[in-house]
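Letters are used for the chains, namely A, B, C, D and E, taken in the order the chains are written, and counting of residues starts over at 1 for each.
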């Protein structure tokens, strides 16, 4: 493994929104179980997946994120009862719209992850990073109004 | 219903009974066994090593043939069943084995475990239904007390074979009931008969088969049935005092259905 | 065997078997289930610790390699998914893959046969006992 | 502009081993707003906190960023620390550089880089933090205990004795739970019902306790201090106030003699009538009619019980009743059961009636049990002369057949069983197959040693592979003695399986209603494994007994007391401080469109006509108003609001956006 | 048309309404403007013909605050918007007197101008006019089919019924003859690269004139989120770039589940950006994922985005 190789390897920038109650705790559990996933993932703590405003996701893509993942409590387990159900609809529509505009579905993901699912959290992040990596750098949303 | 049929080496030779009666019973029950042309021996033992590829290819060929026919693959011999089902599981769920096997095979379309492998008994239970079979029985084996001898290979590992509860199976007992006989449940029905060790060290199989006969006879069985030619051999070689006759399950099935003396 | 050779073999056994011997909690359910227990010198519940402790030499030269009936009872019942049957199978593979490691020789076979021996017995013994 | 102090924790080597802490300090020092940055071995320690307090005073800090472990761990600590120094606690942000960085990354350079980015995001956020004040909400001074076993009973008594009203909801017709099935209890061998029955009676008579037996929790809404709980009181078909508990109906029920309905209480070892009390000491001493089996309910004929009841208490027309009660706190004490043994066919539990579980053995040894306390085999009613106990049946399994955990109580109760049997029938030969004997507890190991040394119980280290029923009616146990390195073939008369414990089946549903989290094994999760072991992470929900994890009776009772103290501590308050991270509406932007109220799970949003004044606006219009006591801060309204009028304090749109920006910088 | 003016005059004169929201003649035959008429006298400039495409429902937001009732002329499709505004408490039903005006589809002047230079007058576009429009140009007269000059949106007409009204004037016609989601499907079938290229090409034309936002009846916020600095960090530059790039996507998301697909955004866009393609994509997805939903059809119905079922599909799953 030479330094050159490492440098040329594409490292995606991934923003993860994790709800405080389940998935953030799941991420903590992944940590305390020492289950690794790429450092490319940066987690933003939100109280609930229902707090994730589509603006945040668009913002991330516009600022150069290559993938955005939202993690929340499993349906039925939301700490606030229903937040993740609204999030599920909101994100379904938003992701579909992003795909419609050329931001591939693989760059967006919602995963339900409980506080007990450290393994799932780490697996999800590993998988998602691989997926985003395979799609390469995302430039589209930032350039949507700059015609060559 | 047509099945791709994998008879295996022994059924063509020493265990012709297992095969012949199965074919006759199938006709009587309305399904067809279509022998896979040019099938190759499965090897008799599932190669457990995660890096064993070449030894699995003969099974993959048979499985892929069934896939091409759009048929499920049916087996009778416990060992063939075991090997084929496990290789199929590898092809479906173990990416490394599947990829490497497909590399060897060079098929137009890679084989990914699409075929369903079923044991003849599973067909009787899940597709035909023991109730239906009971209705077709013309010579009920009334009064016979039969012990089912499962052996190891059709049951274990339970998670992959999904044939029956590996520790407390029911399928052969239900089969016996369907034929009008009384099943005898005895604890050694899923214990090993000594398997292939009989070739070099007969002692173990003598010990094991004695336990099996003592137990089954002790619980009142007057005969045993099996699906495995190797079990049959080991049981037949037993010198136990408690020895009782052993039959292939297909023979009793053919008898009960009244097709034992057929011309096929 | 040198330390490296031992380590290499330990890794090889783990890889071939796909099992993690460190998961063993030494409950002995395998040995409590094994029909060939009395034939074996190294007992099923010891397979994992021989590998963990690097005593590969004893394991590969043990009689147990050839005594295991592959009845899968230990694999079925192991509560820790260590599956001793797979470990011993992998150890046997190590031996058989080396030149001269066969336990069954073609020239001995005629002697072992009787009229009733099913093909299945021959092929499986062949596959189990030699490369 | 804020004056921010950044404090980077080494956490011993937990962080420092993978993150170059000094480098993080150097790199964040020049971030906008940062006026001070430092590192320390343990930020959460007294000395670490002193350092923070000193820095706040010396540098006149207005905001703090602590780069340390998860905020779920120490956010509270650092907020309290800030408060001590006179800083608003909500001016603190934690960058999680341990669980989400040092512990999962191996490459030092990579981990350091990520730690810096996480710190930057937190700094950017703090720049936008505003001081928040906690609000207040009232507390309903009444507690609900779900489950009436020893855990629930003890919790209820302790709370009630402290002067607060408590309700117990129990699914079964009587309280008492699992303990009421036991014969004796370890390590002192008191008779279980001798110590439990008085407590059951006390519960029944306590002026502060209301019992809802044969009842289930149907729905829960509200939040800490203010829960609304819907309780379904299943139709008992017997009028509780009229019944005298004389037992006539049970004696005369025609189904009683037919022996068709297995008694749940006796684990199917005997049968019961259709109108029944589960056991003689049941509390309340009022029978129920099992409508599924009762001839009257099935065919409309019979009616014997109603005819013979001297107090005319039998009422076939009774219907389920639903009551809604307000509570300030809820304790989950739903207890346990043992696992189903269908997947362990090798032990022949389904095959042989002489292979039994330990709970069945408790019933067989209990004087009020099916055999009147005389130990006998269920197959031939002969007294067993030789008994084998098998430990860890389904415990410590890592596959789906069993449970990965140690059930904790089996080693002790098996020693108890062995000694009790030896006490009564000294010539019984007893063998225990064990993997490890686990006896951490006061007088526990002494207890186990007594079984070996005084009673000569034969402990064999090794597991059983198979139990083989013999044609002669005996059982052959095939196991291993690992110390002798021998396979054992042992003929015996009876086999007792120490089946793994598991949380009661209904707990998942209850946890969901309470939004209390449960782990992979369905045990309720505590708020902190060490520091908050009797609280659920969901405020106002407390844990008692086996519902939280395997434990024995002494431990359950201690935990029950601990849960009670926590409940009392909550109920003693007249007002609760509420989370200040609530939603807030900016009337300038609000359209009054009601979208937010539609998604609010707490009904915290109402609308009122307000005078709105601003540049170019001066009018009265309909705008949303958030009730801070009701709002729990989920933020659902903020993402639903089309105009961005709704915002969440502490997680504002600008704060999250700026975090996104600094991560994507 | 005179009948309509007479009726409006009567309503004004007898005090039923205090004012009338309608269309006022423009300087050309094809550019009438929305207008609030305060007196019977001023109604002489009232016009209602094939060029009166504007959706007047949004004007009722301000009119609702005025003293007395306001008569508002709404075409069938406009009444969906009006219902939606009721649902969001933006208009007061009691303060409106709704004249459901008949509609046989509205005209796209660009289609008429195409190949017809130097137009001096256009006639035959009234509700009761003929199937052909008569165009006089400096090069001579010409007839074109009314149908061929329809706005694109009228080819996917929602129907001839008014969802809400106090009285109806004139006959309406359902002009739908095209598949509503055909354009959306065409884009969906593209590769990611093609999709991006398509939208980049369209969105790059945008001059941020806010015409779409101003005309949209769902975009009725007191103060637009884009005028709110609360979403952003201090740097104004960030705000500008983010808003510039994301404006249309965010706008579409904000009106998702509320947009009635009235098509005004595309009609008024001076750059001809097919903005309705965003809204219609959301409508298509909502229909597909959560069942048919038409905003404004039923003022009581819960918007799909403030509703859920336990079995909703997971994001990213293609239904």
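Criterion: contacts are C-beta pairs under 8 Å (C-beta built on N, C-alpha and C of every residue); 3 or more make two chains touch, one makes a residue touch a chain.
Quantities reported herein were computed from a predicted structural model and do not represent experimental measurements.
K.L.:
Return the chains common to the contact lists of chain D and chain E.
P.N.:
A
K.L.:
In contact with chain A and with chain C at once: which chains are those? Just list them.
P.N.:
Common neighbours, chain A/chain C: D.
K.L.:
With centres defined as the mean of C-alpha atoms, identify the chain lying farthest from chain C.
P.N.:
Most distant chain from chain C: E.
K.L.:
So using the touch definition from the top, which pair is joined by more C-beta contacts, C-D or B-C?
P.N.:
Between the chain pairs C-D and B-C, B-C carries more contacts.
K.L.:
Please flag the chain sitting at the greatest distance from chain A, going by CA centroids.
P.N.:
Taking each chain's C-alpha mean as its centre, the farthest from chain A is B.
K.L.:
Could you please state the distance in Å, as a whole number, between where the Cα atoms of chain A are centred and where those of chain B are centred?
P.N.:
So the centre of chain A lies 49 Å away from the centre of chain B.
K.L.:
How far is the middle of chain A from the middle of chain D, if each middle is the mean of its Cα atoms, in Å?
P.N.:
31
K.L.:
So what's the Cα centroid distance for chain A and chain E, whole Å?
P.N.:
36
K.L.:
How many Å are there between the centre of chain C and the centre of chain E, using C-alpha atoms for each centre?
P.N.:
78
K.L.:
Could you list the positions in chain B whose residues touch two or more of the other chains?
P.N.:
Each of 166-167, 191 in chain B touches at least two other chains.
K.L.:
Considering chain C alone, which of its residues make contact with at least two other chains?
P.N.:
73
K.L.:
Do you know which chain A residues sit against two or more other chains?
P.N.:
Within chain A, the residues that touch at least two other chains are 54-55, 59, 76, 82, 86, 90.
K.L.:
How do the chains pair up in terms of touching? List each pair.
P.N.:
Contact pairs between chains: A-D, A-E, B-C, B-D, C-D, D-E.
K.L.:
Using the touch rule from the top, collect the residues of chain C that touch chain D in their complex.
P.N.:
Residue list for chain C touching chain D: 23, 25-34, 37-38, 43, 45, 73, 77, 79-81.
K.L.:
Along chain E, where are the residues that touch chain A in the complex?
P.N.:
184, 187-188, 192-197, 199-201, 203-204, 206, 231, 241-242, 244-246, 249-250, 252-253, 256, 278, 281-282, 285-286, 289-290, 304-308, 310, 312-317
K.L.:
In the complex formed with chain B, which residues of chain C make contact?
P.N.:
15-18, 35-36, 39, 66-67, 69-73, 75-76, 85-86, 89-90, 93, 103-104, 112, 116-129
K.L.:
Quick check: in the complex, which residue numbers of chain D touch chain E?
P.N.:
Listed in rising order, the residues are 124, 128, 586, 588-595, 598-599, 607, 617, 619, 621-622, 640, 642-644, 647, 652-654, 657-658, 661.
K.L.:
Note which residues of chain B are touching chain D in the complex, please.
P.N.:
So the residues of chain B touching chain D come out as 165-168, 185, 187-188, 191, 215, 218-220.
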